[in-house]
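First chain written, first letter: the chains are A, B and C, and each begins at residue 1.
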Amino acid sequence: MMRGAALQGDQKILETRGLTLRFGGVEALNGLSFFITPHQIASIIGPNGAGKTTLLNAITGVYPPHTGEIFFRGTLISRLKPFQIAALGINRTFQQAQLFSNMSVLENVMVGMHPRTEAGFLGGVFHPPGERKEEKKIREKAESLLDLFGLLPKADWMPGHLSIAEQKRLEISRAMANEPELLLLDEPVAGLNIRETEALGDLIIRLKERGQTIILVEHNMHLVMEVSDWLIVLHHGSKIGEGRPEEMQKDSRVVEAYLGT
Amino acid sequence: MGKKNKIYLLIYALAIFTLPAILQNNYHLMVLNIAALNIVVVIGLNLLMGYAGQISLGHAAFFGLGAYLSAIFTTTYGFPLWPTMIMAMVFTGIIANAIGIPTLKLEGHYLVMATLGFNVIVYIVMVQLDAVTGGPSGFAGIPRLQIGNFAFDSDRRVYYLLWAVSIVVLFLSLNLIHSRVGRAMAALSHNEIAAKCAGVDTESYKVKIFVISAVLASLAGSLYAHYITFISPGTFSFFYSIQVVTMILVGGMGSLWGSAFGAILLTILPEVLHAVKEYNVLIYGLILMVVLVFFPRGLFPGIAEAFGKRRREVLSDSRKQLALEKRA
Amino acid sequence: MTLSLQIFQFILSGLTNGSTYALIAIGFSLIHNATGIVNFAQGEFVMLGGMFMITYYTLLNLPMLPAFFLTVLSVAAIGLLLERGPIRRAKSKEILILVMITIGASIFIKGLSMILWGKNPMTLPPFSGEAPLVFLGAAVMPQSIWIFAITVSVVAALNYFFKATMTGKAMRAVAASRRSAMLTGIPVDRMILLSFTFSAALGAVAGIILTPITTTSYDVGVMLGLKGFSAAILGGYGSMPGAVFGGLLLGILESLAAGLISSEYKDALAFLILLTALFFRPSGILGRGRLRRV
């Protein structure tokens, strides 16, 4: 499988080598090796249980792999803690939106900026001028991000009162608050209707046009085909194919995996 | 912290500082003085429980550490009062850091048990190390609070000092809640994995908040020792740890104002029930159970919620009435 | 007395206390397995066991065996009330809230006991006299033998119950996976009720057999409960053999520490063990088994 010339950048932004992760005897990821180049949308697809979400969890440090390595821009990240990985510039969303329902929409996005801001306990307790300036910056940036995602009018709402589509957008905007080099989206359109799915698909493409590198885990094949530059197909924790979407559509092994012969 | 909170603080401070003009009975002032100290402990504990989402049933130990360290070093060794108080806070903070790191990796009820176990160990040491601590009969002769030549030798004078400290602690804590750190803590208490993946170093924050809550308890303990001038281990048993947690639960976890009022209410309550002092323990247990069973989010939030519902119903009724009248 | 004989003596008396810790620890495990919570009132069940026995046997002059069974029934009823009442009716099912409710219950029970029975320590006469027997050079109280015998019988009976009876197997199923148990038609609520009732009964038995040796009063509950919990963690939280092992081990360590190091700090030792166990052991409790699917 060769990378087409149409893809930009020949650096590997993310690479895994021989990634293996076990859950109580079951191998969720089995010697998985692949890499992603920047400024494109790479989609991870495969039947249920193929290990897609586990892969995202491994990349973000939620579950450390048993064997194998993960490299982000050449740096080994497989043994780092989740907050360190976020500070390096990888952010994610979850299958079911994990929002902080005890704070407002705006504050959710403000938390997303945590790794790029500094104020500590002393700053928080005494509110010196430097801290106040930073808070103002955080607030303004969060508001502009909400505006970009069409959520600014609801900035003071509680997340529980948003629709599912809005909650998903909020989660993405929180992830984007950190200006991550790599954005991981875990089934962003699950539970959305056709109109909402299209809108979110447009949003994802717009993010890519701004230069964002995205790894997308999705079941919705229509969306995947529409937005992806590259597909990686998993089955039982191993990679059974990768390539451009049109190629993968015709690949016999991939079709077989989905039909489950 | 928002205009609302600033206004509330102002009204609160005004009310607190004008109260002594009305209260002539020193006993009442003393009860309120204890309430002020309880508020300091409870605010620290609420930061830990309500905002960082961790539970501790051992804070009486930190309260006691502050009290005994201040008492012993100022009385037996003649150290100066205020530096000793700060030293006690530092020392308590170091201990809290040491036990916090392994303890806060535990979850839920294991954390509860570990903190309770710590409380018991400290209590036993207070009782057994009697050459130093005075043992079960207590430690007396602790020097009174004073700044320079000004001695706080009446309940009235102490009132202004303790409540000033209490209000400052509330003010600074409200600041903290409305800051980057406050948001990080709230995030981690609600959804730890999402907080981690958003970049919050949850383990480090948990320990830091634990240390802060311990240091605040130590401060309150030192002030207590110099105020009452006599301390004994009984004050620092796990029953006190449970009392402060009850104050938080009554006031509503995560609400600093609620904690303050919960502390005032539950400090006054046993004194009101003075006639039936035997029933103190029984009633505490009953309150704890009733509040937790029926108002798991706290007594004040629960009552506020009930009121809120009533008002909304009334509003919608009057709108319906208006609509009917228009048709007619 | 030679050192080795002293140590042997300490071990024997340690096994005595250890047996009761084992019974208390089993009580903790039962409720934890069924509900996931730590029942803080467990220690109070032990205290109530002693108190009720004193009431029935000493104050009301009932013969020993009926008093024994009546006590166990009374305390079991209280356990049942606790589950049916505050626990069942709690608006929030969060584990932490439920644990705090058991704390409230334990304080309430303690306060009530203080009013009903007063503050003075009380005791029971040993079941079969006080003359110590000699075993391999060490002195053994007859009561200790009763304690061993009763503990062993109870553990054996529980073992049979869990392995060979339908109800016992159902309770094990609930412990393994509540959802699966529910799906296969097991009345989970009733199993939870049973776990509370059993735990209370176990606590009562522990209280009855221990009181002749250590006396009892309204406030012994907390210490005993905490020690029982330490034992459960020490031996492997949630398993019955673990609870027994942990209880006996804790009893022996405590006795050796009291005899060889210092008897004043022996209580602190139990909690030091608890803290150490919680800090270093949790790999079994907190490790891979606790990973949640995100």
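Throughout what follows, a contact is a pair of C-beta atoms (placed from the backbone, for glycine too) under 8 Å apart; a residue touches a chain by one contact, two chains touch by 3 or more.
Just so it is clear, the structure is predicted and the values come from calculations on it, not from any experiment.
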item	value
Label of the chain whose CA centroid is most distant from the centroid of subunit A	C
Geometric centre: closest chain by C-alpha means	B
Distance from subunit B to subunit A - Cα centre to Cα centre, in angstrom	41
Cα-centroid distance, subunit A relative to subunit C, in whole angstrom	49
Centre distance in Å when subunit B and subunit C are each reduced to the mean of their C-alpha atoms	33
Subunit B, residues touching no fewer than two other chains	193
Junction residues of subunit C - those touching two or more other chains	294
Where subunit A touches two or more other chains, by residue	62, 94, 98
Interface residues, subunit B side, partner subunit C - complex	55, 57, 99, 102-103, 105-110, 112-114, 116-118, 120-121, 124-125, 128, 193, 238-239, 242, 245, 249, 278-289, 292-297
Sites on subunit A touched by subunit B in the complex	60, 62, 81-83, 86-87, 91-92, 94, 98-103, 107, 110-112, 114-115, 117-121, 123-127, 131, 134-135, 138, 174-175, 178
Complex contacts: residues of subunit C adjacent to subunit B	37-38, 86, 89-92, 94-97, 99-101, 103-112, 114-115, 222-223, 226, 229-230, 233, 264-265, 267-268, 271-272, 274-275, 278-279, 282, 285-286, 290, 292, 294
Complex contact set, residues of subunit B against subunit A	172-173, 175-176, 179-184, 186-187, 189-191, 193-202, 208, 212, 254
